[in-house]
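Provided herewith is a single structure, encoded as structure tokens, for subsequent inquiry.
When the chains are written out, they are named A, B and C in that same order, and each has its own residue count from 1.
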Amino acid sequence: MTRINRRTLISASAVLVVAALTAATVPAQAAEVGVSNSEIKLGMTLPMTGTASPGYNKIPGAMKAYFDYLNANGGVNGRKITLKVEDDRYVPTEAVAKTNKLILQDKVMALISPLGTANNKAIAASVNPARRGVPVLFVNSGFSGFTDTKKYPTTYSILPSYVMEAKIMAEYIKDNFAGKTLGLLYQDDDFGTDALKGFTQAGITFAVKVPYASGSQGAAGVPAGWITKLSAAKPDVVILFGVSSATAAGLGTAAALKYAPQWILGSVGGDATTIKASGVPAGVLYNAIGASFAPATTDATDEYVKLFSDIYAKAVPGSAFDNNVLIGMNSAFVAAQALKAAGTNPTRKSLMAAIDAKGASFASAALIPLNYSKTSHVGYNGYWFGKYSPTGDLKPVDGKYVLYTTDSGSGAVVKSTWKRPAMPAKGLPN
Amino acid sequence: MHKLSNKKRLFIFILLGVAIYFLSGAVDELRVYQGATVAVYVVGIASIILLTGYSGQVSLGQGALLGVGGYAAALLRIQFNAPIWICFAVAILTAALAGAFLGLAAARLSGPYLAGTTLALAVGLPSIANQFELLGGEQGLLFDVGFPPLSFGEDFTQYKWFFWIASLATLIAIFWLQNVMRSRYGRSWKAVRGNDVAAELAGINLTRNKTLAFTLSAGLAGLSGALLAMTIGTVSPSAFPLALSFSLLTGAVIAGVTTLGGVMIGAVTLVAIPDIAGAVASRFGSSEAVTSNLPGLLVSTLLILTVLFVPNGPVEQLHARREHRANK
Amino acid sequence: MIQILNTTLIGLTSGAIYSLMAMSIVLVWRSTRVINFAQAGLALASTYIGYEAVQLFDNYWIALICAMLAGAAISAFIEITFMRILLKHTSSGPIAGVAPIIATLGLLGIIKALITMNWGGQDVVITPPLSNTGFSIGSDTLVFSPMKLAIIVSVALLVIIFSLIFQKTNIGLALRASAYAPEIARLAGVRVDLVRTLGWALSGASGAVAGLLLTSYGTGAFSPESAEFSLLFISGFIAAVVGGLDSLVGAVIGGIFLGLVTAFVLMYISSSLFFIAPFVILLLVLFIRPQGIIGVKAGRRA
């Protein structure tokens, strides 16, 4: 053995010591808020109880079903995703208070699918996730304003806006019902008035417009009043831009009063499963036209519907797989891909950067493409139209999916030939 | 009950202000925000104590008056970019005006008729926002009080600023209210509440008396509404639901509807109990249905127990016990 | 023309439902001087029991009887255990006016939470026993169907039965006496406590009918958070106040009045005024008659 040079030994030790000291003083990779070695925490506010809760209160169960499935299959880069859900009873004061709790106390990494336009506006104005750098993923609202990246820099929408839906409906009507008289039954809050603006912008005039106060659709006699007004004006086509309970009430009452125009149902209220569960016979839906951006929840041939409904049936047995469930699980799926793309040490910034850079290519159950980019936080931007079958299932008109896409501004409506790519293996982010 | 001199009371309020100042520095951001919410409820509950506890008129529509104040403040800010204190002042005056009208109509109505009318008001008023474009519709209007002055430093959060503004407004409002309650107006309300025939015979004009109570109470409600708008940064119809009117009434009962002393207890309970109930529910909840509904069940049960066993509020209960012991 | 006729029919049939709830409210008021905010919650609970009865007996009318009995029993139980203690502790002062409101609100919360925990939040359906398809007149359809006819008949029957009980029987007299002057009634030998419980029981039965008929007004689907039930109490209360809280006939008149005016306002002014109309109606009526349409002005107790 060679005599170890003392100088070499000293310099080697010196190097080792310096290396050790430097290694000790370099701070360990600071974990991001809400991210630990084993877990990523997401937070959500929505009405779980109260008059606005029916239907929506299934969304957390749906999202958790997907996240549990994901976690059982390795999670995201080895981390489990946990969803903390808070009930805001659809009141902005509570939405703000609960969001504060999620961000300041539970220290979630990001907010996901907070529900309600007024609630989201309050959260943005008071909690100010933009200033705190907290991503707000996939807001559950069709208000087009949330895609303004200057006002809401950390917010990503996913649902097509109400304005988009109205413009697209207008185009569909021009294509298929030119010259017919039109009627409109709509909710008189931002949901319906935004749509009315879109219709007016697109040059559509209505022979009769029937607004209803949000919440009044359940009162005895109110739906009968709508139908009486509509049938007095006798339009050929009636657009029903309301929530599920209003759509069910309107259709059911129309059938009872033997009033049968050509119905066009808005996507929010047009979920066949929910309508039928409200006691409306399938025959009433038959031949109505509906708009949707996702596959029909009754379409067992769709690979996403099959997988998601399987997962949901195992997680929440006995609960119907309706639109709320499908869209909830889809948002969870897209969020999981975003988190995976955020890297092995995800941060809030890297999460948002990942959506900006790769979001448009994320897999999703919808039949409309995602439109995320560095300059756009717009999710889905279009619809396909279908006709309800005798069993009340929405099937694409003439068996072919024709996608209408547009923006929330004054852009034209464009027919797209985009085809949804195949689902990644087992419905897990790849 | 001790009657403190005005100077002593002023001193106590200033002490409270200083205590709040130090408190705001010592607690974290979430608690500071909750503190601002407590202040909102303190003013709101005080308005009910004035109207119901002192003047004996039951209103189920205080939430609507909060809405009037909130919208007035927001509109002034949006249309004229008025300074915040002016917005609050206008909120108080607008709500007081609404209260005056309501009071004139209400003066002739007895118990349940007044309750029914104010209930209809609470349900109907918020939906007016959907009828006029100016009022912003369901999505609401912004109410931005602006960032705290830069001189306070980088670490001074927005919520701390809310808390300071709300606390100052609350201290002033409660001090003023105590003055009013000790004045001859307060005595005349108590007289009418006790026996309105005798009061009228003694020369009190019932209509004016009741309307004044409504007006002042509405003004306080308007301030509470403006503060609420500040804390959530917006106003919208859904921010002033019927449940808000019920919550304030609940808080007043928990506080002790006839005395101002318990108002903090009522306000803190309104903010803290749902939190605690939620924590308990997530610990013990099994299915989704149970976890979501358990907090509501707990809060309702607590409410009923309180009304059954401490109906006049903790402050009155303590006084009664003290008197009872003194009389033994 | 058909539009006016239909609007009237809508007003009458929806007014009939309001009247049922208004009657429940007036019954409780007349027997215990309390406004029971849990009324619609009790109606909801009775309706769920009716649902279970339909599953068991497969007959709507038997289920209706079951629901009425259940409603009566639950209401009586609440009066005996809960309201008596409450009214004893809060018999004077401004708390007397507020405590029952808060307490019954708390009760409402408990009932709703228990229902949701037991039956879940999703819709359940009680199929209406009669068709809801409107009668035809030539090429037009009336907003009137066999089911709606049954609703009107049921309300009319209940009003007649209750009025007979109140006006013609000793129990009715006792009920009125116990509400206005309990001490004197006791001295006269009236079992005041029993009578008060009876008042609540009758109110519970009436509420159950309101609940069941309300679901049959539409498709028969309902859930704990059904807007129909939340609105039912408010509409019923406003109807009771409009009619004057003192009499059952007043409750019916108030209900019909509210139903008709609301239907016409929604049809001919704007259909988004559903929540504003009742307030305006109430203000106008009470401005002219502060005690309601056929209410009696309260005498001054010197």
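The rule we apply is simple: a residue touches a chain if its C-beta (ideal position, glycine included) is under 8 Å from a C-beta of that chain, and two chains touch if they have at least 3 such contacts.
Model, not experiment: these values are computed from the prediction.
Undergrad: Which chain has its C-alpha centroid farthest away from the centroid of subunit C?
TA: Farthest chain from subunit C, going by C-alpha centroids: A.
Undergrad: When contacts are scored as defined above, which chain pair ends up with more C-beta pairs, A-B or A-C?
TA: A-C
Undergrad: Could you put a whole-Å number on the gap between the CA centroids of subunit B and subunit C?
TA: A distance of 31 Å separates the two centres.
Undergrad: Distance-wise, how many Å sit between the C-alpha centres of subunit A and subunit B, to the nearest whole number?
TA: Whole-Å distance between the two chain centres: 37.
Undergrad: CA centre of subunit A versus CA centre of subunit C: separation in Å?
TA: 40
Undergrad: For subunit C, which residues are shared contacts with two or more other chains?
TA: Within subunit C, the residues that touch at least two other chains are 116, 121, 272-275.
Undergrad: Quick one: which residues in subunit B touch 2 or more of the other chains?
TA: Answer for subunit B, listing residues that touch two or more other chains: 127, 130, 292-293, 296.
Undergrad: Give me the residues of subunit A that touch two or more other chains.
TA: Where subunit A meets two or more other chains at a single residue, that happens at 49-50, 57, 188, 213.
Undergrad: Which stretch or stretches of subunit B touch subunit C in the complex?
TA: Those residues of subunit B that touch subunit C are 52-54, 56, 58, 60, 105, 108-113, 115-117, 119-121, 123-128, 130-131, 193, 197, 246, 249-250, 252-253, 257-258, 289-290, 292-294, 296-297, 299-301, 303-304, 307-309, 311-312.
Undergrad: Given the complex with subunit B, which residues does subunit A contribute to the contact?
TA: Against subunit B, subunit A makes touches at 48-50, 57, 60-61, 86-87, 89-93, 96-97, 100-101, 104-105, 116-119, 121-122, 124-126, 128, 143, 188-191, 193, 213-214, 316.
Undergrad: Taking the complex as given, what residues does subunit B use to touch subunit A?
TA: 28-30, 33-34, 37, 127, 130, 137-140, 142-144, 158, 228, 231-234, 236-239, 241, 243-244, 275, 278, 288, 292-293, 295-296
Undergrad: Spell out the part of subunit C that touches subunit B in their complex, as residue ranges.
TA: 29, 35, 82, 85-86, 89-90, 93-95, 97-99, 101-103, 105-110, 112-114, 116-117, 120-121, 234, 237-238, 240-241, 245, 272-280, 282-283, 286-287, 290-292, 298, 300-302
Undergrad: Applying the document's contact rule, which stretches of subunit A touch subunit C when the two form their complex?
TA: 49-51, 53-54, 57, 188, 210-213, 215-229, 231-232, 245, 248-249, 252-253, 255-259, 277-280, 319-320
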